[in-house]
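Here's a structure for you.
Chains here go by letter, A, B, C and D, matching the order in which they are written, and residues are numbered from 1 within each.
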Amino acid sequence: MKKFIVIILLAVLGGYTANIFFDIGFGEPHFVQGVKPVKDIYLSETVSNLNVSNTVTAIVVNFRGFDTLGEVTVLFLAVTALGSILYKRRHQVGKRSVMFSASSIVTSGSKLIFPAIVLLGAYVFIHGHLSPGGGFQGGVIIATGFLLMLLAYENFSIGHNALSIIESLAGITFAGVGLMGFIGGGTFLENFLPTGILNNLFSGGVIPIIYIAVGFKVAAELTGVIYTVLHEKGEVNE
Amino acid sequence: MVGTPVLFVAIPLLAAFLIPLLGMIWKELVRIVPGLVLTYLLILSINLLNYVLVHGPIVEVIAGWVPPIGINLVFSAFSGFLVTLIIFLGFIVWLYSYRFKRNVDFEPAKKYFLLLMMLITGSVGIVLTGDIFNMFVFIEITGISGYALTAFYTGRNSAEASFKYIFLGSLASAFLLLAIMIIYSQLGTLNMADISSKIHLMKPVYKITSLIFFITALGIEAEIFPLNGWAPDAYTEAPGPVGAAFAGIVVKASVYAIIRYIYTIFDMSGSFDLLIILGMITLIVAETAAIRQNKLKRMLAYSSIGQMGLVFVAFGFGTEEGVFAALFLMFNHAIIKSLLFLSGSYLVYNSKDKFIHEASGMGKYLPITSFLFALGAFAIVGLPPFAGFWSKLAVLTAAADSHMLLIIALVLIVSVVELVYYLRVVNRIYFFKKEDHVQATRPSYNGMFAMLILGVIILVIGFYPDAITGILHKASADLMDKSKYIQDVLSLNQ
Amino acid sequence: MNDSLFSLLNYGIYGTAILVILIGLYGALVKKSLLKIVIGLSVIDSGLNFLIVALDYYKGGTAPIFSLGYLNGTDKLMVDPVPQALVLTAIVIGFGVTAVALSLVIRLYRHHGTLNIDEIKDLKW
Amino acid sequence: MIYFILIIVLLLLMIGASVYAIVQKDLLYAVIATGIISLILSILFYLLQAPDVALTEAAIGVALTTIIFIITIRNTVRHEEEEDGNKKFKSAVK
């Protein structure tokens, strides 16, 4: 009975929402007449003012950099929340509770691939302002590298302190660069460094610096998430 | 001016990233640093509020891009008042819980204070920001801290309460994103002032849909009736100070968000009536539920929901008196309900289920705590010499001015209901015999100090309401003046 | 791609995105297993992200990256970068929320020994 | 034309995978179906000219979300509505 009510409600909601989006239209300009959308400004300012090739990077790091600061905080809080929710008084860090037994092909293969994955991640976030990708993508790629090692080797471990130090330092770099904007330009997160030449590696002012910090932070945080969950004991409490 | 509004977000974030490092140096720092940050922010917010009341709102630009392009923060009389209130309550909650968690290990204590600080920061961000997507990010920050704090005690029910909260919170963020994207797909902007100046260009269908999605999403956090299933459980299962923080901080920020959408962004006829209807249903349902509760914190939670319903009714009048009354109610509710949660959690400190009858006879063993609880109970019902009286009077005046006699009757009936269930508790505390299996625990000195501050404020406002009404009048005038808000933000563009 | 096929995509893409959201909602509301509920929420997120990114597309537009090849070329239409930036944020936030929800599932299982919400329900809804 | 067919096939696959993820009683398969949704989604993001989002979705949706789901399943139960006598016994003892 409950199922039918839910299905009818969802059908009404879905039909209504779908109608609205069909009306908005796909692939055609959908802004109302006489409005100058901000995306035009973003597209023109990215090249002319910031000298950054990737507009998405420019938006994420500079135009709407405050969102990114918040987003990094959300991940940081997720790690903290995970640790707080799964906390046990006698926390046995170092003993993995969840094991995935791996054959020797997997272990040696992972060992080969791991440096390549980390290198790819680093490449992605260092070139975040030039090519698709950036701090989040690179950080996530590095985290998957660590994930691979954690799955392949039973005794592969990462210092929990090291992770939290990297995380903290990267976060401080982000917020610190933001506060330095006050000195350099007068507003928070202001791009106070010279922006260089378009499509050069050293261009875009503070954007690559922030994105590299984000990369380190995301990598450390996501590795921390996996690490915490892997070390969780799955037994029923008495 | 001594600082800028962005420091309200930047300093706590910097401190949050620093705390894990500082904890490695000296463990006590994880408790001290949030307090220092909150003290600094409290001073800053009072300074800025004084500046704003004289000189007009501060619009802060981030990353050097003027409003429609970049994100901006608005510290006006209205938002500044709420920021000051939130940070003040945050400071009180920190003071109260400074030794509350003394028996807990270092790691959970670190996480507790970090999450508490971020809960406050997220709420401050919701109030300050002038950008709808940025508001979404801050709602998520508040949400995740809230989920973790709800599940802080490893008792069995806290995780379930938290799961309910996270379930509704996820649905809320989905609706919020949908609403944001509908607006973006039409107007091509995410800035509140910019949207507000262009909203008349949108087709009514899109407007109604996005407004409904916004109210659905934010109503989950603001405890509007059909969406508040998480609230009683979360209040009951969370640690005592966190309950106070939810009632005083998170709910206030979400109410602010709804009010900002209805008053500033959407110019829809009928949305005020919607507020009144939602508020009345919430009020009636919550108060009838509160009178049936046998657990102290659950009763307080339902009472809190009911008060929020009354706030929505007052905002729904759409007049300046209504807004004034609603802000006064919010202020009183924040102060008084926090006091009730803080003192109530000591009254049932050692009992597992937090039943009301387990608090009986505590008047003899915990005289000051019981006195403060009784003070809060009388104040929130609206008995004459206390703070709650003036806000209820303001609501009645505003209702009379708008010729809404039904609401006057409703408010009076509800006050009687509230009187019944609060008096029941106070009666038990003072005139019943203590139950044998319950032990009284004395509050720590800092906890007592925090409660005393709140009690003094209730008395001061009760005898001298003019201390706060000046600010409230300016804040309500600020909220009503929509064109000035738009102009303040967008004038930076020229 | 001709116009009639393209207008079919209008219904196809938005319809799929909304259908996926509805399927996820159904799972989250009706299913009894806690893990299934979290899976439902994650499916909702996927559909929603698809819906938002679909708003960015302009017919014949290219990715919003000013590479050297693009600057020398003649075709100047780009897709809208704003929804992409927002979705980037939304994906990462969604992951954080999912991780917290799963940790709550683990803890509930630790205390109750089951994932069925009918057996867990100690608190009134 | 080939793009059109590709997109339609991907969309149908995505609907199929999401239905499978909700209906399937074996949670491990359901989780892998959500991983497949993310994989299809990242291809679609690429086709919609959003390479940044495609990279993120591929890494987060396919790898990380799936693995934390799988770890959770390892920690809890694999089947929905499990009628395992052993589990019942444990909760009864408690």
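As a convention for this text, a contact is a pair of C-beta atoms (placed from the backbone, for glycine too) under 8 Å apart; a residue touches a chain by one contact, two chains touch by 3 or more.
All figures in this text were calculated on a predicted structure; none of them were measured in a lab.
Following the contact convention of this document, A is the list of chains adjacent to both subunit B and subunit C. As a whole-number value, the distance joining the C-alpha centres of subunit B and subunit D reads 37 Å.
Our note on geometry: subunit A versus subunit C, Cα centroid distance of 16 Å, whole angstroms. Mean C-alpha positions place subunit C and subunit D at a centre distance of 12 Å. Computed centre separation for the pair subunit A/subunit B is 30 angstrom, with centres defined by C-alpha atoms. Shared contact sites, meaning residues of subunit D that touch two or more other chains, fall at 51-52, 56, 60, 64, 68, 72, 75-76, 90-91, 94. Residue positions of subunit C touching 2 or more other chains: 9, 13, 19, 21, 25-26, 51, 54-55, 57, 63-65, 82, 84, 88-89, 92-93, 95-97, 99-100, 102, 104-107, 109, 111-113. In subunit B, the positions touching at least two other chains are 133, 137, 140, 144, 147-148, 151, 154, 159, 162, 178, 185, 190. Contact annotation for chain pairs lists A-B, A-C, A-D, B-C, C-D, with touch applied as defined.
Residues 21, 25, 28, 34, 37, 41, 44-45, 48, 51-52, 55, 82-83, 86, 89-90, 93, 96-97, 100-101, 104-105, 107-108, 111-112, 120-123, 125 of subunit C are the ones that touch subunit B when the two sit in their complex. Remark: subunit C residues 1, 5, 9, 12-13, 16, 19-20, 23-24, 26-27, 31-33, 35-36, 38-40, 42-43, 46-47, 49-50, 53-54, 56-57, 61-65, 79, 84, 87-88, 91-92, 95, 98-99, 102, 105-106, 109, 112-116, 119 touch subunit D in the complex. Interface of subunit D with subunit A (complex): residues 51-52, 54-56, 59-60, 63-64, 67-68, 71-72, 74-76, 90-91, 94. In the complex of the two chains, the subunit A residues touching subunit B come out as 16-17, 20, 23-24, 30-39, 41-42, 45, 62-67, 69-71, 73-74, 76-78, 80-81, 83-85, 87-89, 91, 161, 164-165, 167-169, 171-172, 175-176, 178-179, 181, 185-191. Interface residues of subunit C, counted against subunit A in their complex, comprise 6, 9-11, 13-15, 17-19, 21-22, 25-26, 29-30, 51, 54-55, 57-59, 63-68, 71, 78, 80-82, 84-85, 88-89, 92-93, 95-97, 99-100, 102-104, 106-107, 109-111, 113.
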